[in-house]
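Chains: A, B, C and D, in written order; residue numbering restarts at 1 for each.
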């Protein structure tokens, strides 16, 4: 049975495991100030063409979102985001736990637009009762979004321009960043992407690492005392070098890009197989998550070998399910699924 | 050069690394509901003679303290603890970040007593302005304490009795629990220890794991919805099985107990060497942390091979330093240090 | 010029002012434990037919909502409410400041239904990812709602039944409670209303007092240590007797009911005048707030003597405006407005 | 029986009551943007010789402290204060409720010194584990302190200089400011006092008003969006003009200064009477609070006419009690007490 339910079912890429094994009995300082973290930071900054950026390593996504968001907002400010954004839906109030309201905007395909953001913020300041409402203090988007779509260079730039106009940061949740950059329609390099964010993170957990997210602070204005924020949120990892080693490995010889590109290629093979059968899709993902709309019979048929995740109900009794590929997806698994699709 | 500065300088015990390597490409569900977590929980409950306990796995100590403390307190309550307790000093306000005041009591050798706790709580309720002060809502102690000392069975029982009298939980921070139980003066088994706590955690990070802490909720009253609390604090680890595998390994064939006992034996060899030279100690630790009081010349001499951590200044220009052993300490390192002590 | 923009433009009812003047130089204890507070509490409990209720006095509405909500929720829980509910919109994140998410449901005429609430909560517990979302921990409604509508006895009872089913409290924001009970269609007495809430508050600020809200805790389960919560939220009013005196006066000789009924009668005179002119209304308020849909010319004409508040845009270039009456509204003001409406 | 237990046993000064009665049926805008607030602000700025200051009115002291402190600190920062400071002891964790640790320093006579503050802050930044501890982000002092003492011009200036050195604000809790300025040893005018603070508040509740505290933000850096902070903390008073009217009255014809000076004169008459009897004092207050050290017999004797508050136990079975005078203290009350002291 092949599990396509999510992109964190396995451990870590072989190179990472090898590096952890090899360095296991070395003695290093704790809390992320060791040589492996330094090396990883240097490689990430190089990959982002951002020599002046600050890079920090955290363990998981919710922790990263919470730490970054509470670090950049003033107490009465909230985070503007898509209604389907991860922080709006799936973090058990972790953002509110830091005292901040999430300000969701209606979204299409998981995305919000610069003009939506602009109208929302302008509307706030135009209101006579602005002080009675939460002030929009940042914009949060996901790249790719929770439903696998991406922002184009122009879209990202336009949102960033609105942020600059109001002097608030644009923070991009890159839990699946590698898969987004590997979308064949993506017109952004990592460096171009980075240049249009104030802060973002490079997801490791879903992209080849055992765990770990690399926060990149592009705008120095938001860099001050970030390590205090990490510690306050329980994110100062004792054996910090474990994060350094993993990201150092991912950013050696383009491993991060290669493994995520391969995952997207697998996803698109699956997509094509569904398309051939006339299956339509929920949303418009060209990344590692595919959301075909299937009948119960089709789902049952495919599930004999390949496990998808139920996503939501669709019209006519059909269901949207999610097939995720990842850095760990085996050719055999994709071959089997594609073959089953052809025969379903 | 051997580093004795802390007990988290290396990776993980070989058995854990082997298990992680072996299981790396298996596919499991996320968030701690996999078979490895189930197995680890069963073994921990058995080791605690607590079949009805709830066990949860978190990544690090600050996160664990924050999650547990904010889970059991009502908003206007605080955590009574030793003034030198980790939550009072070294967590960048992580407890206050959840809205709760830390209520430190003066401590000796890192410990507080049942009568201190009793007097403090009784004093609160006797005050006419009780409502203007933070209500003591739990007791937090560390076992062993931050300076390596432990509570006896009677001392622990007495503190627990006060907690029961006021219907508040006793939470024990066991970041170094294994080292405490291995103290030759310890008169508590893990099961006896567990029976005298409402909640405690078994530290993995400092006791053989790459990372991870196992929270054991002995008192069902505090168990409800704990997973929501974990998620809200960013502690719901995506690849939960990594925690399960590590604790499953630690609680197989008494590995946890064996490796921490060996570390304490090493520490006591070092202690004995210092004692032979007439060196006196800060505090009274018989666990893996030793705090000799040395002259600058002695520190310099030892530092040619063995790195201690500066702890605090002592009288007559001397200094307290800390030598930590751990599950990873090599015989060669201890031999070298002991020999250097003999010759210093 | 008569100001109809809101119901807190004047000071307090003459009887209250007289009582404050008369008692001004008396010496009493602080923080709400004086004889005036005791007397007021007794009268409120009698008016609610709730001899066992707990009554507490706070200064304002946001403070009251924040204190009550954070008192009854566990950290990972949120408050289910109407999307137009005051806590969802107009409190600058005061609820989120206590760590809790507001969980808005779509509403009609400002109201939510028992079946909506039931579906929402049942949906939460049915979700496989429930632990990744905020748990619904209470229901908050306003009576009357922000747009002047009220719940019938059956509607209130049905919502309360859902709350009981899930063992969560129903909290009713009664900032304008008197005006709601005075709605000619209201089929609830104060006692019947109280019997169907777990906690509610009787608004003073908008109903005859200088300031002050009386929290009534009907369900003992939520009463423990409430004064700690008040103090923690900065709501422990030093000269507590000022609140006691005001509510004691309001609940003497039915003053609270008489003055709010008179205000609603004035509002309905204004409504009738608009109806006669064929004007239609936004929503369906029969309380002290009226929301006629007018042309710019009509608004301008009326504004020569009577100031309404802009509410929102309507179709065909028309606007919704709000005319509020209150305990302080003078007959002359209503006569003038009605006459202007007839001539507009 | 005369009550000397605290300085908030009565209502408000006659001029304030008269002004409230006179303006009662006027209609004004809510939330503190009315003409009375404007006038009061202008008078306060004039009294402080601070035309550029921002002035805001809040209802009570805890609310004010919470709002100001959470407004100026970043999340990982805490407030340095005296161990006996009000925020450290008597606010039921209201500061911690906003996520911030209170950082108490040992104090003498309720006061801390510039060198203490300097050493503490310098020590923080010198620590290798600074990031693991709460960063000192502001200094909070009370003027007068909780035990009636005051800071001299030099002392205040020196503390302010340390704050400037570290670019953090000095916030002064002036709940009893008028009584402090009336201390015969005080070498500060209100304007000189103001010039040496970044933010402070002028207490109304204990100094002639029914309630209300006027926050004065001297340093523009901390002024941005303060009204959002007020609203978020439930402090945006609906009938804001009630605060404006009260402070406008207090700052008309030096009423604030005159009534607090008279209260201090009464307190010093009482002090002198005790001194004549050879009674010694706890602390060194020359303001409206006096803390004689008495035998049980003496306390009982005085209590037949005059009620003091128990403060704490002293040596030899004696007790410290507090006698408070206020703007409302009658000559007859002081005469009676002085006569009783003479005869005790």
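For the reader, a short list of remarks on this structure follows.
Heads up, the rule we're going with is that a residue touches a chain if its C-beta (ideal position, glycine included) is under 8 Å from a C-beta of that chain, and two chains touch if they have at least 3 such contacts.
Fair warning: this is a prediction, and the values are worked out from it, not measured in the lab.
Remark: among chain pairs C-D and A-C, C-D carries the greater number of C-beta contacts. The most distant chain from chain C, with centres taken as the mean of CA atoms, is B.
Averaged C-alpha coordinates put the centre of chain A at 50 Å from the centre of chain D.
Distance from the chain A centre to the chain C centre is 43 Å, each centre being the mean of its Cα atoms. For the pair chain C and chain D, the distance between mean C-alpha positions equals 34 Å. Residue positions 75-76, 91-93, 97-99, 131-132, 135, 228, 231-232, 236 of chain D are each in touch with at least two other chains.
For chain B in complex with chain C, the touching residues are 31, 70-71, 74-76, 98-99, 131-132, 135, 225, 227-229, 231-232, 236.
Those residues of chain B whose C-beta lies close enough to touch chain A in the complex are 2-3, 5-6, 8-12, 14, 17, 20-21, 23-30, 59-67, 91-94, 97-98, 205-206, 210-211, 228, 231-239, 242, 328.
On the side of chain C, the complex with chain A involves touching residues 75-76, 78, 89-93, 96-102, 129, 131-135.
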